[in-house]
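Take a look at the structure below.
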C-alpha cells in the first residue's frame, strides 16, 4: 500500500468526496488563498497545505475563500448543511473557537433536537490542535474537551494517516455535525493509506497494542508518545495495552472498560489541560463502570493547568513526555505490589 | 441576622463594593435598562433584577448599559480591568458564552501568563446558569465545566444567599478574572445574610452536612436536592456527608479527598451535561487521589448527554432529581455489602 | 401594486392570523397555560407577511426569539405551533423546542433563535446552498434593531456581499432591544445606512404599511433571485406588547402602546387602504377575521387536549446515529 | 507640521529601529534562532510611529500578531523584545509570550494579539477606564484590513460610538490578510467608509507618508482627549515581507515587493521630505541609522547569550493567587 502523510491523506479524502458528491464544499480562510490579489489562486491551500489543489479541480464555487469571519463561516456552514449542502468548514486553529462557538454548539449541534428531529446537519468542521511548535498561548491549545462535551456534536481526533483518511470520509458522509481535530505537528507523519475511499466508523477505538498489565488510553500525538513509552516498558517486562479512541464523541467505552477489566490499571494521556478534560472524562467512566476490576489509582498524564508557554524549553515541559507517561505507568503498575 | 434572597444579597454586594471602590463598574445589557427610551432608566435592573437600583446611586457612568454586543462587553471589561477599573460585566445567560468566549478565555484569562506576570485583570463576569424554567435549549445550560477548565480563570458557583454575597465580594476584590455563575431558579432563595460586607475565600468548600457513610459533592441548585435526599436517606440510616465546593476553580480538593477517605463512597451531583463535566472532574480527582479508600464505584448524577428540552415534562426528567440522587447513594452504599 | 384580490385577502388573513395567535398566546400565557418565555410579534405583522408573501417553500428564512409571526407567514402549521408552545406531543418540534425554537425545514423555516444575531450567519449558509446548487431560491434573515449591533450580524452582511449571495437581511426596527432604545444602542442611529456601508443596497421602509414592505421586499428578492446579490431592509415597526409576555415595560412612554395601537396598527392600515381603493369590502375582511379566530381557538383546544411528549423523547434526536 | 527637529529625528530613529529590528529578526528566524512564528512589520513603520508619537505611557494601545512595530513605537524595550522573541529569560514577557504576545503595561502596550480582531474590544475597555477615571488619556487599536471584517471589530466600533469613548481604531490596510486580498474580503472595498457608517469620523491616509499619518492621528487623538469621542483611520500601507517569515507569497505579483520597497518605502519618503524641506541633513539620519543598527545588534547578542527561562516559570503567573 502506498505511504502517505496525514496531509496527503486528508487532501485525498476531501478530493474523493468532492468528486463523489457535488454537495460537498470546502469553506474557510485561505483554504485556497489568493482571492482578490494580483498573484495566483491556491496561494495557500490552507495554512498548512491540506486543501491545496482542490480549487484547481473544483473551482471557487466549491472551495470558498472567506474573509476573517469565523462566526459567519461556521454559521454559513451550519445553515448550508441544514439546507442541502455538505460543507467542510475550516476553523484554522481550534483556539479560535471562542469567536464562533455559538454557531457550532448552540446552532448546528442543537438543530436536530430543538427542531424535534426534523433537521439534518451534515457539517464537518476541520480544525488544528496541539502544542509543540512554539505557537504560544493562543495557537497551541487542544480544547477538544469542550467539543466532546456538546450533545449533538461528534468529535474526531485521528492519530495517523490511515485513520485520518477513513475518519474524514466518514465525517463527510455522516449526517450529524462533526468536529475533526488535526494535530498541527503530525501532518507529515506517514502511514500506509489505500488509494480508494474507505470509512472508519465512529465510536470504534483502535487497539494500538495489546497488553495485560496496564491499559493506556491516549489521544492524537500522545498515541505515539505512549507507544514509545509502552515499547520501553515492555523491555522492563511491563506489558501495556494501548488504546486510541479515535473519536471522543461517540466514545468506544466498551473497548476501554473491557481492557481495564483485564488489566485493572489505567493511565490516560491527553495533551489537553487537566480540569474537566477528556482524561478526566475517561477516568470517571472507568471509576464508575470498571471499579470492581481496578487495582490502582487511575493516573492522568496531561498538560498542567496553565496556558501554553512560548519558550521551547517551557513548552517541552508543558507537553506530556514519553518519560512522564512511563513514570505514570510505573506508579500504577507498582501500586499494591 | 436579616433574611435576604440571593438577588438581594448580590445586589447588596455590588452596592457595597461600588461604594467602597470607585473603580468598580457594572457593565452589560439592560443592567439598568431604559437608555435611549422615552420611559424610565433602571427599567430592568438586569433581566432578573439583580442590578436594580444601582444606577440611581452610581449613575450611568458606573452602571453601563450596552447594545447587544457580548464580545465587546467582555473585551471592554477585560481591557478596562487590565488598565485600572474593576469591572463586573454581565453575560446575561451563560449559554451566550459562544459569541464572546475568546475575550474571556484567550484574552482576560491569559494576560497574566502570556505577559510574563505583568498584567493584573480584576474582572468579574456574572452569568446565569441552569434549567428548570422551560427556557429551552439555548437559555438553560450550565457550561461551568468549560469555565472551570480554563487556566487563568476562576469559577464560582454559589448555592445560597450567604455564600452569594461573600463570594461576590471576594470576586470583586480578587485580582484574577472570575466567572460567577448564578442559578436562575435560585434568586428568590432566602438565607441569613449579614448587612455588612464580608468575603468567603475561594477554594474552601462548605460542608453542608457531616456524615460517615457516603460523600455527596453537589453544585448550585443540586446542593438543595442533595440535602433533601440526604435527609431522607438519614431516616433510612444512611449517613451522607454533603459537600458544596462553592468554587470549582480553585477546587477544595482536600475537603473532598478527606471526606472520601472516611466514607469510601462518592456520589457527584451536577446539573451540567456528563461528558467532560465537573462531575467527571471530581470523580477523576478521587479515583486518582483517594483510590485506596474507595469502596464502591463513583457515581455521577448529571443531566443526560442531550440539549435541554423545552416541555416541562421532559425538562423535569432532564434535571437530576432528589430521587435519582437517593438512588445513586443507595447503589453506592449497597455496593459490596 | 401587483397584488390581486386573492393575494390581498391571503395577506390580510395571514396578518390577522399572526395577530390573533399572539393575542390568544398572551391570554394563555397569563393564565399559566404556556411555560417558559414568549415574545409576541403583534404590531409587526406587515413585515413578516410583506416579505414572506414573495417566498415559496424552497426559500429559506431564519427568525429570532420573536418568531411566531415569521413562522406563520412562512407557512408553518398554526396548530403545530400552538402545541409546541404548550410543550405537547405533536408540537411542530415535538415539544422539545418551544416558542424560541419553532422550526419547519419543509416550509423553509430554519428556526426561531434564542441567540440574538444567531440567524444572519445561518441565512448566509442557506443562500450559499441556493447559489451552489443553482436553485434560484433566496434566504431571508429576520432580525431586530438590537441584533443589528451583534458582531455575527455584521459578519453575515459582509460575507453575503463578498460571496454575492441571494440573501436578504430584514432589520425589524421596533425601537427596542429588551428595555434599551435603538436610539442608544445603534451608534449611527441608522441601521440601513450602516448596512449600506457594507456594500449592499439597503432601504428604510414604513412597517405600518404592508404595501411599502411588500414592494421593497419584492425589489430585494427579485434582485437576489436574478443573481444580483444581497440587500438589506430596515422596517420601522413597533411591538404592541412588552419584550416578553409579562414585561412591565417601564422603558416606554405612558400611553405609548395605546397610541401605537391607534396610529400604527398595520392591520388597520391595511383595511383602510384596501377599502379606500375599493379592493376588498369590510365583510370579506370580517369573514377572514372570524375564520382566523376560529382557527386559533381550534389550535388552542387541540393544545389543551394534547398529552405531554413521550418521556422517551428526552433521549431521541440528539444525533441521527451515535 | 508641528514637529521640531528633535521630534523629527526621534520619529526617524523609531521608524529605523523598527525596520532594522524586523530585518534582523528575519535573518535570525531564517537561521532558526527564533522559534515559532514571526510576522514582520517592515514597510508599515509610518503608521505605528505616526500614531504613537502622540501618545504617552498613560495612553494605551492594543496590537496584533504583527506587533513589533507598535511595541517599539510605544516605547517597549528593544532588548526585552528580542529576548522575548528568542524565548529567553529576561524577555519582556519572561519568554512565556513570544512574538505574538509582546506586552508592556507600564508602557501602555496592552499586547500583541494572536486573535485577529482580539484587540479592538480591549481598546474599548482601556478607553472606558480613561473616561471613567477622568484620565484624559486615549486608547488606540491597531488592526488590519483582514481584521476589519471580524465581528469583534465591528462591535468595538459601535460600542465606542455608543459610549463616546476616547478610542481610535487604526486600520492598517496592507492589502492582504494572509493570502487573501482586501479587495475580496472587504465587501464594501472601503474600510474607512464602512467605519463611517458606524457613526464615527473616519479618514483614509497615505501610509507611505509619515506626515500624513501623523496629522490625521493628531486630529483624531486630540478630538478623543477633548471628549469628542472615537475615530477611525484607514492607513494605506504595505508589508515588505510575507504574512509570516517564510511565507512563499504566491498571492503577490511578481516583483511586487521590490516595487514596494522602491516606491512605497516610508523611511525613504521621510528622508526625502526632511531633506527637501531642509529640516534634517543626511549625516544626521545616517548617524541615527548607525545607532539603531548597533542597538539591534546588542539586543541580538543579549538574546543569544541569555539562558532559557527557569523551568519553574512554567507554573507561575497563571493567577495572582490560587
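Note that the chains are named A, B, C and D in the order they appear, and that numbering of residues resets to 1 at the start of each chain.
Methods note: contacts are C-beta pairs under 8 Å (C-beta built on N, C-alpha and C of every residue); 3 or more make two chains touch, one makes a residue touch a chain.
Note that the coordinates shown come from a computational prediction; the quantities given were computed from them, not determined experimentally.
K.L.:
Between chain B and chain C, how many steps is the shortest route if every step has to go to a touching chain?
P.N.:
So the least number of steps between the two chains is 1.
K.L.:
Would you kindly say which chain has the C-alpha centre located farthest from the C-alpha centre of chain D?
P.N.:
With centres defined by C-alpha atoms, farthest from chain D sits C.
K.L.:
Can you compute the centre-to-centre distance for chain B and chain D, using the mean CA position of each chain? Integer Å is fine.
P.N.:
Going by mean C-alpha positions, chain B sits 40 Å from chain D.
K.L.:
How far is the middle of chain C from the middle of chain D, if each middle is the mean of its Cα atoms, in Å?
P.N.:
Each chain reduced to its C-alpha mean, chain C and chain D end up 45 Å apart.
K.L.:
Report the inter-chain centroid distance for chain A and chain D in whole angstrom, where each centroid is the mean of the CA atoms.
P.N.:
Computed from C-alpha means, the inter-chain centre distance equals 35 Å.
K.L.:
Could you tell me which residues belong to chain B and also touch two or more other chains?
P.N.:
In chain B, the residues touching two or more other chains are 66-67, 69, 71-72, 95-96, 98-99, 102-103, 106, 113-114, 136-138, 151-152, 304-307, 309.
K.L.:
Which residues belonging to chain C are in contact with no fewer than two other chains?
P.N.:
91, 93, 95-97, 101, 113-115, 149-152, 155, 158-159, 162, 184-187, 318
K.L.:
Chain adjacency by touch: line, ring, star, complete or other shape?
P.N.:
The chain contacts form a complete graph, every chain touching every other.
K.L.:
In their shared complex, at which residues does chain D touch chain B?
P.N.:
60, 62, 91-97, 101, 103-106, 110-111, 113-115, 118, 120-126, 128-133, 139, 151-152, 155-156, 158-159, 162-163, 316-322
K.L.:
What residues on chain C touch chain D, complex-wise?
P.N.:
Residues 149-152, 154-155, 157-162, 184-190, 193-200.
K.L.:
What residues on chain B touch chain C, complex-wise?
P.N.:
Touching chain C: residues 29-30, 33-40, 42-44, 47, 65-72, 95-96, 98-99, 133-139, 304-307, 309-314, 317-318 of chain B.
K.L.:
Would you tell me which residues of chain A are touching chain C in their complex?
P.N.:
23, 25, 27, 61-62, 64, 66-67, 69, 71-85, 87, 102-103, 106-107, 111-120, 151-152, 154, 174-176, 203, 250
K.L.:
Spell out the residues on chain B that touch chain A in their complex, using ranges where they run on.
P.N.:
Counting only chain B, the residues touching chain A are 71, 95-106, 109-110, 113-114, 136-138, 145-146, 148-152, 249, 273, 275-281, 283-289, 291-292, 294, 296-300, 304-307, 309.
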